[in-house]
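Each structure below is given as structure tokens.
In the two complexes below, subunit A is the common chain; its partner is subunit B in one and subunit C in the other.
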Partner chain A sequence: MSSKFFPLVHYTPEQGKYELLPFRFEPFSEDEVVITNAVGEFHFLTRNKLNALVDHKLHPNDPEYQHLRARHFLREQNDQAPIDLLALKTRTKLHRLANFTNLHLFVVSLRCDHSCPYCQVSRQSEDKAAFDMTRETADKGLDMVFRSPNPALKIEFQGGESLLNFELIKYIVEAAEKRNETAKRELAFVIATTLSLVTIDILEYCRDHNINLSSSLDGPEDLHNKNRPRPGRDSYAKFVEGLRKARDIVGYDSVSALMTTSPASLGRVKEIIDEYLKHGFGGIFLRHLSPYGFAIKTKSYQSYDVDVWLKFYREGLDYILELNKMGIPFTEHYSSILLTKMLTADNPGFVDLMNPSGAGIAAVVFNYDGDIYASDESRMLHEMGDSSFRLGNLHKNTYEEIFTSDVLLSLLDDSFTSSIPMCSECTFEQWCGADPVFHHAMYGDILGRKPESEFCRRTMGIIKHLLEIMRTDKEAKKIFMRWANKC
Partner chain B sequence: MPHTLQLDSSVYLIEAVEKAAYRFIDRIAVVISKADGHISLAITVDDKHAANAEKILADFKKELLDQNLRVKIKAETEPMRNLILAYTFSKTGLQS
Partner chain C sequence: MLTMSGKVIDSTLSQSEMFSLSERRNIPHVLREQKAFIVRNSEPLPEGFTHYFIIGDVDVNIPAGVGFTHLKKAFDYLGDDDIVRVLKDGSVRTLFRASSRHNSVFLTEQCNNYCLMCSQPPKKHDDSWIIKEVRQMIPMLPRHVGSLGITGGEPTLFGDEFLDILRLCKSWLPYASMHVLSNGRSFSDPKFAEKYAAIKHPDIMVGIPIYSDDPARHDYVVQAKGAFDETIQGILNLKRLGQKVEIRVVIHKQTIDRLPELAEFIARNLLFVDQVALMGLEMTGFTRANLDALWIDPHDYRDTLSEAVAILTSYKIRVSVYNHQLCVLNSDVYPYCVKSISDWKNEYADECAGCSKMTECGGFFSSCIQFGYSKHIQPYGVKAIL
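Right, the complex of A and B next:
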């Protein structure tokens, strides 16, 4: 009796009859390459298998064949699913673009009670009221905020020390809430502050208006106070006291902290991480210095290079993985952003790692004097005398003039990674970003030569380290999967 | 005195040679010319890398092969890239 079914061989693909889907490769070791597909999914492959794949000689029974088919590196004739899935994942990765600007930074004062040598915003001394934003300027800023089509709007108050102009913060919060009664956006507020000036009244106000606090903790007391001098040399004590009060009044998870790697931080990464654990934080953002403001003037930025910082980062990440393996959940946030891009179809929308650049279209800055900048780094450059990325002024320009200005459009158009030499064929392009302001500040043009770019070397260094960990340590890869798939 | 390298232009693509030279721009300066079925390269290693010249030149030759392969993959998958992007935005109303 004949079978009602075709024999199994009927379903076996014919050798060599597959089609390559777009992918890129980069040597990873002597005999191995890492390959990424059109949406940044990756796989390791030996050189021999890579050549067999490209020459259409990879046998359907080869274990790699199914991996490569499942991850959209090749498709058999008439396979439609890979095209559907790649299109869906591409749309998912780009979905934030159509929403336009989410983050609006109001520099409410450039005054500050600290005098940090690595300050990147060129703060002014505390008593110069000329560096405060006025209500009139704030109103114009809010006009811009509510012109954004984004259903979610975040307003972040920046300084200097933003709490030195808390009366204006209150004014902006209440005016935004009033406007939002009809605008109906998902409205969020953040105050960037050292916590040195928080009072019970301020914190109760934050609680009542759902305002989060973003603060700074550089490490143990001696390091924090060295990095962040203020009269009384009590920055750390003020932070700890402010943190305790803020958690009590506003809520435990309402306060986050950022660290900056100063020259004095090098060699102390474990102590810095322990300090974050001691204060109950669930993670740390190991941040390098940026080439702006006092970080350049005081030569803090020039005091360590990319290789030195990468060593610091790797030591820190290794320690964090050890902690996780011991059952202490703790995240390195910058790695987490990259891993989200490497391991999921989501794009976290982190401005430094966006393509097209997030300047203006993900975040925009309203300076205390009404000037509008494409990013926080752009206003930092302005304070150093370079106004290349000033988009206009709240009192002089309309929304249309600002967001269709030649400055912004050129910045975005010219910095697409897909049209930058070396980025355009880079295996890691899907995970990386343009960062035109950094390249302008360092190299005098928004592209820079990538082989010489610190941004490129640093990002590549981190990515290769993350890949190596995932290639050799299954337990660490599971931890990374958790970081990348946070709810 | 620059190092010279002659490549058979039926094997190496000029686009691949240019890309390899660009990737090594932080270590070497390359002058590229093409004649009589050959691509000729005059390579000057930057002074600060002179001690590693041999290693850099060996890595550069490997990079030439990688870039050649990349150009081949890119050419073969170009219609597919265009198809995926066109399909991605086909229902958004954004295309003209």
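Right, the complex of A and C next:
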């Protein structure tokens, strides 16, 4: 090389002068740790290199030094860019908080045509007066919705079977549209429904008002029908028929499906995924069973523990990766939420994995009777006799009273993972979230003791599995990168 | 390759001058006064043009007192609205070609980087006269110019004068999409970045190189300590002000190893940039002096390039691959390959004869044809005739 140029060593920092930036680590294998920085970037490191790093003995020629400097685990004394970039990434991760509440759930009826054993809230009743939301309550709910400062507002209709009170859905949609002529928000509607009661008229209405449908598919016909009994034992057939009609009329991408993992699902994950493939879904959300309502009463919840569920999840994920490698793009949505946090500067703002908790500030629930809850889980808890997270009532309280209530503020105060004991020093804190309602329900304490927390064990289990896959399988990591950028 | 500069054969000019050319002989006299006429044949000269450029061997009668310059046949490509400058010492340079989409305005030879592979090696001497000349030229350009590059050296080194050039372009060339090639370091000064943004040019992008996620390696490639830190801050300031930024990576032996890591760095830290260009080496300037340290056959790094492109596209970053021939790359990269080499220095190799993908392929820099290119060039879809 021409002598006018200096060699690389001329630009390499002097040894041992670097500063450590905030990071955390956790043993990963016998010899290795996984290390995460202030914004959740990660790297695998041998224990020897970790010691060298901490002792300021990592040599600038060491490739690990270069990785760690580029990923903002350390900086040389004059480096300003790492501080600016870490600050920027922190702001990016938290930017959704400033928007405040986006999702508003209207429980338009508790009545349901299904009698699912694990259901938390539904009623088998003809009594509309007792279990349906009234127009007056809906109006008060809309007052709240449009008080939210969020430029995007989503209204989701929940049940029971929400279509049993379709007249009220129409009333709310049209009233919201009317208000939005002047409010000018980005307004979206979703109806949560089993699709058993959809008609051409309902679907055409959804088409004309840009309403999406969020449905349920638990797996193959026998499993789905076992999970979701209804008169005639035809829940699956109704779903398939409704799905077809909804795709025809409302549009292919306007219908999504969620699955519930009942004890009967365990061991059948491949069949369940195949069922989603068969119906042309681009992904599946492998969800654990929540401990609320009848799920606890009927002991379904106790019938499988975290380890059993993790096995189910891992088997499912393995199969899904196999599909992707075959050239069939298919996403596991829960993983993709975590991967977005692990692999990007973005934060998908998923209610169960938010920091602070998404209760009230990501989503708020208006129950059929006007009661306001911090989350869907909070109202289920109420149905079990625990009203800890009832924020008030639409007919009695103002917006200010609700959103500055002690219940909500302490829920948020106590759910910053960066200050919760054992979360604050956890290597995976940046990827995780707080679920105060869950911890309250299970352990009588919204913080919960993390070594006993199933939420913690489950999330840790998933994260470690995802890390292990990325450490050992380059092709899978490429697939994960695509999932991470879907949210 | 087109001849963009050379010596005149003969000229009546006694001082340096710049001309806008015309091939049309019958334009109104008021316009002839603003133009120099291109003489290609022996027809009598149309009267009233400010100057006459005679190209090649033309037997033409030049009336006494008429100013003319005689150029070699190599300048035969010159046409309507092109801009040519003749210096006192008899050197001539084409500054603008109206028929090209690749015009760049060159502002200075000075630079605060000293890149190993610089195609335009910087010089230290005072060349501020160039900016004055550019000021004179911009109003002479056709109003409808659709794109214009600003290059150097490091064009921002002249600070306010650089910004003045951009203001002129905004005023005189309302339809021009502007692209500035800068190392971005000047924009680390928030005040300078703010002044740049305050111009509010409707269509301008700054192309800024990052060569590694490792600051030491970037600083080495550009031969300037602390350059990485300043460049990153410059990009952040520009994006904070809503300005368009392209990241440009030249791929060579010193940058290829950490290219996937660089792609991840961009995805995690600079996701908001407008596009990323991954570029092949031009065999000119310092590259030829440092060839051993820089040259790697693109065929040998095609998998690494695929990996980097896959990372960037996963993160939905707009990616372009410049200066690469299709036959040395993996097909997953084809959709991102762009024919980017400026027309006047774009060629194809002998091996390309009969290739069925030639119209899609970006081909080579002329300098590569002359001084070296991949050993794996082979035409597509050519079958031996039995």
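Please note the rule applied: the second predicted complex is superposed on the first by the 468 of 487 C-alpha atoms of A that agree within 3 Å, B and C clash if a C-alpha of one lies under 4 Å from a C-alpha of the other, contacts with A are read in each partner's own complex, and residues count from 1 in each chain.
Everything that follows uses one rule, which is that a residue touches a chain if its C-beta (ideal position, glycine included) is under 8 Å from a C-beta of that chain, and two chains touch if they have at least 3 such contacts.
Owing to the predicted nature of the structure, the values given are computational and were not obtained by experimental measurement.
Taking subunit A as the reference, the larger set of touched residues comes from C, when subunit B and subunit C are compared. Of the two partner chains placed around the shared chain by superposition, subunit C is the only one that A:Q66 touches, whereas subunit B remains out of contact.
Of the two partner chains placed around the shared chain by superposition, subunit C is the only one that A:K478 touches, whereas subunit B remains out of contact. Judged by the touch definition given at the top, the superposed model places A:L20 against subunit B, while subunit C stays out of reach. Within the superposed three-chain model, A:F6 lies in touch with subunit C and out of touch with subunit B [touch as defined at top].
In the superposition on chain A, A:V54 makes contact with subunit B only, not with subunit C. When both complexes are overlaid on chain A, the residue A:Y443 reaches neither subunit B nor subunit C. Across the two superposed structures, the residue set of subunit A contacted by subunit B and also by subunit C is 84, 88. Interface residues of subunit B facing subunit A in the complex, by the touch rule stated above, are 19, 22-27, 62, 66-67, 69-70, 72-74, 76-77, 80-81, 83-85, 87-90, 92, 94. The touching residues of subunit A, when paired with subunit C in their complex, are 1-2, 4-8, 10-13, 41, 60, 66-67, 69-71, 76, 78-81, 84-85, 88-89, 343-345, 478, 481-482, 484-485. Within the complex formed with subunit B, the subunit A residues making contact are 19-25, 27, 38, 50-51, 54, 83-84, 86-88, 90-91, 94, 98, 421-422, 425, 449, 451-452. Interface residues of subunit C, counted against subunit A in their complex, comprise 114, 116, 213-217, 219-220, 223, 225-226, 228-229, 232-233, 236, 258, 261, 265, 267-269, 271, 286, 289-290, 292-293, 310-311, 314-316.
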